[in-house]
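Structures incoming, each one as structure tokens.
Shared between the two complexes below is chain A, which has chain B as its partner in the first and chain C in the second.
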Partner chain A sequence: MALLSARPRKTESNRRQDLSRSMLVVVMVLLGLAWVGLWARGAWVQLFMGAELNRLASKQYLSAEFERGVRGRILDRKGRVLASGAESKSLYARPLEVAHVDSTARILSRLLDLPVPEVIKKLTTRKNFVWIKRQMEDKVAARIVEAHLPGLYLTTESVRLYPNDQLAGQLLGFVGLDDTGLEGMEKAFNDRLAAKSAEFVVQRDASGRKLYLDAQGQELDTRGQDVTLTIDSHIQNSAEQALAKAVTQNNGKWGVAVVADVETGDILAWANFPFFNPNSFGKVKSGAWRDRAALNTFEPGSTFKPILFAAALQNQVITPSTLFFCENGKWETRGHTIRDTHPLGWLTARGVLVQSSNIGSAKIGLELGVKRYYDALRRLGFGERAGLPTPGESPGILRDPKNWADIDLATGAFGQGIGVTTAQMTRAFLCLANGGVIKQLRLTLDPAVTPDAPQRVFEESVTEQVMEMMTAVVEEDGTGKRARIPGVQVAGKTGTAQKAMHSGGGYGEEYLASFVALVPAKKPKYFFMLLVDGPKPQYLGGLVAAPAVRDIAVETLAYSGMVPEGLQLAAKAPAPSNTPGAAGAAATSETNPNGQAQAQSQAGSDPSLPDLLPVKPLPPAGKTVPDMAGLPVRRAVEVLVEKGIVPVVKGRGMVVARQKPGPGEPWPTGENDVFILWLAGQAG
Partner chain B sequence: MMPSNTKKENRGFSFLVFASIFGSLGLGLMLVWLNIERVDLAYEVRTHQTELDKKNQYITKLNVERDNLMAPARLRELARDLDLGPAQPGQIRRIKAE
Partner chain C sequence: MTKNTPKLRHGAPPDYWLLGFTLILATLGLIMVLSASGIMAERFYHDKYLFFKKQGLFMVLGVIGMYATSKMPRAFFYSMIYPMVIGCGILLALTLTPLGLSAGGAKRWLKLGVMSIQPMEFVKPALVMYLAYFFSRKQGQVRTFSVGFVPPMLVTGAFCLILALQPDFGGAVVLALLLLAMCLVGGTRLTYLFLSVGFAVTTGWMMIVQSPYRFKRWTAFLDPFKTAKEEGYQLVQSLYAFGSGSLFGTGIGAGRQKLFFLPEAHNDFIMAVVGEELGFIGMTAVMLVVAIILFRGFIIAFRQEDLQDRFTGYGMVLVLAMGFVLNIAVVLGCVPPKGVPFPFMSYGGSSLLSSFFCVGMLLNLSKGVNK
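After this line comes the complex of A and B, so read on.
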């Protein structure tokens, strides 16, 4: 019974347990299904929808930002900045948001120096966006921010700055508001200088602020590459100042000046006048942008004669002593008349160049012949671009030799009927200065120019003879003696080219005065060329251009430490060349193609030497030692150095207090003698 | 009654489960904290970046201003006011120091 009665209780318990188990299993199954469902959903979201959802999420909190770098700089050969990029603020308005147009316009007018009606017109336009002022100064932008004007916003733009203002303005060119080079080097090297863009992925927070959470894009260099020119700012400035003086003092229209390094072919100065300031390119007429040194083709006139002489010497048509009859200043040939400025009789070839005789040159040209002259000109690079990166460089004008009549050859011999550029002339004269080897000109150091293989055009002996003749043009009674530099021999050639009339009817009454020089003459280091268009009343190259070239040369030599010392000057001082009976008369004249003579006035004891800066007279250095007490130490040392004595200076100060040997004593002569200066105090 | 070995195994298993849960929670909190720090740092970097850009712009503009002041044409004018000019031939003496 006990067993019978216990059995149903167990069954009930078992039934409950079974029920619990079943419910537990059900719950577990349900949970398991839910779990599986979650995993399945998770897998679906991750594996199938993941990419799309990721894209949508990224769009929500990530954004792409484009950043533009700064335009590259233009530097001179010493690393001085000629052009640099910077950021500048520009002001724009959303006219619909502007609350009080009149008061806003008055404030803007005062801050931006704009007429009130103009500002009102902009603020009342129906457009949603209008520029008020672009690329303004920082302090003006700061005042606008302080004014808290509704509807007005500042944005950042790139601006190009030229710290030297007008220095090499036409050569550098300028960039437009969209940061694209429009002229000059800015245009030629736009691809290199232009800033690059980079795309950054940034995360935005709730308020839209951008956060750089990754380094994506940061490693990209968005800055444009720099360009280093061969120009030297100081030599460029010297050339510009001398050029400006030559053009303005002689009432010229425009002028160009070039300085080049003979050995390397580097262009050190490339000057144009009138000047152009690229900082304000929009305020001048487009004619002011013109880089005449690169674009203009001109008839060189007599400055071309050394090239003729080199070709004639190379082809053994002449020697320096070959005689030519210069027809006493007027030669009628082939139905035309060629004139010299003053009557000249028999002259050696050397004399023809020194006296710049057109008739003698024409005769040399006719003996040389068209083919040989043309070949020499082509080998020197005339008739083709000189290869400088200046935009729009002219190839000059050199006609086919088949079209040359005898008279064309005769006039071409003295630089008429041929169109050249300053770059071509520079290249040709550097060839003469480099012993007859022609080299490529360089205007940039970086990017580096791949040089052409140097080619020999003339024998070295030929160029030596031409250089000697060109030296005589300046150092003897030639037409270029206003380019003389005491203590330094200068080789040069003047030019006074009559200008062809625009109407095409021959030559007019205007001239192009020019001068080329190679300094020092023995082993040239620098080449100088200067042109002045339309000078009047003086128009001769020897009067207009030669003194300016001399000024540039002196400053260039001083800058490069090549100016002769006082002692060297004393040792090298040449005998006066204007002695009566010398090859030239007391008043020399320079040839011009029109046959008009213009005497070079000679004032003073040696008019060929332009005035130097005033030098105060030194105390006389007689047979005995002068009293130097009270003299500034610099003056005292100058006196002693002139006598070949280097004093021992003792004490501190600027004034000589006493000396040994004393005043009136004989000059020390022995090697062991010592000259002592004791210093004290300040110079009065 | 469960054998003692099984009990021990269950305790060990439970410990691992709880340790994993708390470990995951801890790592999760750390991840959140690191993200907050990262964003804070990004704000800071952004501020410094802006400041650096501004300073670089000042430097660029100051360099331009310096170059403008040192421009050869301006120096020439200043020199002229002081009666100075390029050395002419004969105005230079080179004295060798002993």
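After this line comes the complex of A and C, so read on.
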């Protein structure tokens, strides 16, 4: 401290100077002592109390609000919502924090309509966390908040809403309570759709947004990702309506229908009947959600013949004019009898396909031989999974060629004795329609499917010949004439497969009626396929399935603006006043038999936004928000989605109770403006 | 009155210890501001580096200011004392007008175009420079009541009154403590000091007791965990941060308390982030740097032959020391919470510029020391 030594002088001012120097040292020492004291305090807090404070701090992170984001949506190819997340409140307890178990249990029992002992049991568990009630109505949640029960917490959970009810129900599947997809696309893309949960939620900013941070403090997006399907809801709806009609009018058990885009391999419709409404999966009997279009393996019957013909033409076993004797309807060979539905004599190969002769096909199959037929089937993808994301897809049944007896080859030629799936058939027919090049099918646009390299299976001249024969099936006096569409050439093939009996190995009196079509016949754009199981008394594919395919095709063509002028739909039009020639109007009128005026206005406006499921007239979508109260939620969502607004749906139920912004207010424009629909009634 | 006139010996080197450690502290502060504010800034302003950039800009301005202050003749500053005091008084008073910005229930900020300043930060050096001038000039009558005691009390009291109206009682206490410390060295009779301290404590206590809110706020620090969700919230979060840091800390950037648990993490509670991320080791290092800065400041003041020089240097050290000590005391829960920034480390342009000015003044003095 030599620095502090002062030279003593005896003047008054120097005395003062010395005094100020001494006081300066005093202050410095005092400050130094304070500094050391604070350092010691720091040591105490950090080292001595550190572990305990750290424990308390960690508890704080863990006891932070427990939140889960909203599950991603499933959209159709035009962005229309097929499945979306809505928010619903769930109640959980931290039993250790519950103060008075008995009184709390009584209050909860009254509010939630649960038995008291059950609530007490939950509140007295030794677990740190227990669900009391999942997904309750908002007003119940509000009463629980008012009750101020310690140890009980509300959290927001996502519930799944399918605004179009049964539309593509089996394909979409459904979601369990824990936000886990259990069937269909919900299951196949669960990892992508699932919301991330954030237990590290911290607080809300001034505008009420939540902050989700992970352990590193990175912000989390808790929203699940959307999935965009290749499905077009309009075509899907057309397919479902036509399928439902075909199955119910012919007393069938079930049916499936598929529409695909020939060029891209996109699945546009994937319909199952009976319908399944995923909004109420808990209320239907188990199995209603079975996606038969994806899961079932069936014997295709005569719809398989074009594939045989392509293989035979490719291997130059036949030409279209090769003659075959069709044994007048009954051919006993190799210990079995093969029959045609009506007796036929000498036919060209082309005639065999047009008349759908089993005997002629069997003879062609025998000439082609097992190996060449089997190779062609394998190259078309039979006997292996078609690669669609539908869960539980079957590879079909294609036996090892070593085990094929001649009779198996003969029946296999007309589609009996082999098992195929809808997806495999679609892929094979798209190959025929694409000039013999096989491509991958697509069911999703996002996530995008990385396509396999297209492979050539048949020469283009071969598929041209097959397409010409299939056109004759419909356009000449073949089995598929009921699929004709005036002004558009249709290529098709009927199928009436005998169904194997469950007991024993033989065939019974049950049939699987089917029809495949490629439209237009020249340069096909769409592929259609429809199956009806067990129709009676009519059971022929040409009578049961062909008219239904025609209906779907007409609507699909009209929807895509491809139906030519002058198309008559008088036979189907509900009233003579319906304007023929207006393609859109004609098409729309099928789903909307009571609203011709509306149908016409629809046709005049944007055909890409069809009126899918009319319930009550559209509220006018003008400059201000219409009154949506009382509308079914799927309708309200549709209206909003057309305006480019994705509403936030709150509460449970099927009907809109309230809305924000209210009726008459301007449409929200900014990004931060949300449109909220509160639901009520018909809780489901 | 002294017979010594200011002797400026230009050419003597400045105190490199003081300069070096000041720059070290400010640089560490810049890093900690980034760590403490990054996530918050990203969340609210979509720019992780917003506070870092602003603080960096003010650091550059502050260093330039420090250099200029150290180079300019002291006589210039001494001649500017009254304008500085009056100017600061006006700025402080303006916070009570609609120009003042309210934050956390008190109007401590002044909006000037695109910038907002905290006049209190400039009041502190201005006040001590005035007091240094006063005590050096009135050395003869300093022990009298009317001349030696009343004027500094009135000037400081006026500032305190404006602060109390903001209301910023913490700021008023800081100024009162500055006055007390200046009086001690300036030579005021201890009797007067003891009496006025006793009077102030009694008055303060009465005010606190009369308002239940103030009482709760001022006593919450004694047991912060009892009111961890209300009054004690900040302190509890701060203690959590220190405790989580333990000996070695979680590492820079890895602290969790700044994730919105700890309000003002980059600001008044930046030392809590230092404690959490750098641990007790880092805390000790920062406190050592601060101790060196203050010790060098004291040495510079002590060596001044001229009383105004000495008191000015001492005052500058006091302004810095008051910030260091009170801030650490608040974040460690030793005194009731008040909004005192940690010089050179807490985010804030006003505090940074003011602190650099204090060091600049000390560097200026260090060059003109009579050996």
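We adopt the following convention: the second predicted complex is superposed on the first by the 412 of 684 C-alpha atoms of A that agree within 3 Å, B and C clash if a C-alpha of one lies under 4 Å from a C-alpha of the other, contacts with A are read in each partner's own complex, and residues count from 1 in each chain.
Definition applied: contacts are C-beta pairs under 8 Å (C-beta built on N, C-alpha and C of every residue); 3 or more make two chains touch, one makes a residue touch a chain.
Every value quoted in this text rests on a predicted model; they were computed, and no experiment measured them.
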Practice task
Return first, second, both or neither, reflecting whether A:G42 touches chain B, chain C, both chains, or no partner chain.
Solution key: second
Practice task
Look at A:G50 in the shared chain and tell me whether it touches chain B only, chain C only, both, or neither; answer first, second, both or neither.
Solution key: second
Practice task
For A:L96, decide between first (touching chain B), second (touching chain C), both and neither.
Solution key: neither
Practice task
Answer with first, second, both or neither: which of chain B and chain C does A:V116 touch in the superposed model?
Solution key: neither
Exercise for the section: Could you say whether A:V27 touches chain B, chain C, both of them, or neither, answering first, second, both or neither? Expected result: second
Handout entry: Partner chain(s) touched by A:A142 [first = chain B, second = chain C, both, neither]
Key = neither
Exercise for the section: Answer with first, second, both or neither: which of chain B and chain C does A:L19 touch in the superposed model? Expected result: second
Exercise for the section: Name the residues of chain A shared by its contacts with chain B and its contacts with chain C. Expected result: 203, 205, 211, 213
Practice task
Enumerate the contact residues on chain C facing chain A in the complex.
Solution key: 1-3, 39, 42-44, 139, 181, 184-187, 239-247, 254, 256-257, 259-261, 275, 279-280, 283-284, 287, 290-291, 294-295, 298-299, 301-303, 305, 307, 310-311, 314, 318, 321, 324-325, 328-329, 332-334
Handout entry: Touching residues on chain A, where the partner in the complex is chain C
Key = 3-4, 13, 16-17, 19-21, 23-28, 31-32, 34-35, 37-39, 41-43, 45-47, 49-54, 56-57, 60-61, 202-203, 205, 211, 213, 215-217, 219
Completion exercise
The residues of chain B that touch chain A in their complex are 38-39, 42-43, 45-46, 49, 57, 60-61, 63-68, 71-73, 76, 85-96, 98
Practice task
Within their complex, state which residues of chain A touch chain B.
Solution key: 70, 80-81, 84-87, 138, 161, 163-167, 203, 205, 209-213, 233-234, 236-238, 240-241, 485-488, 554-555, 558-559, 563-567, 569, 612-613, 615, 637-638, 641, 646
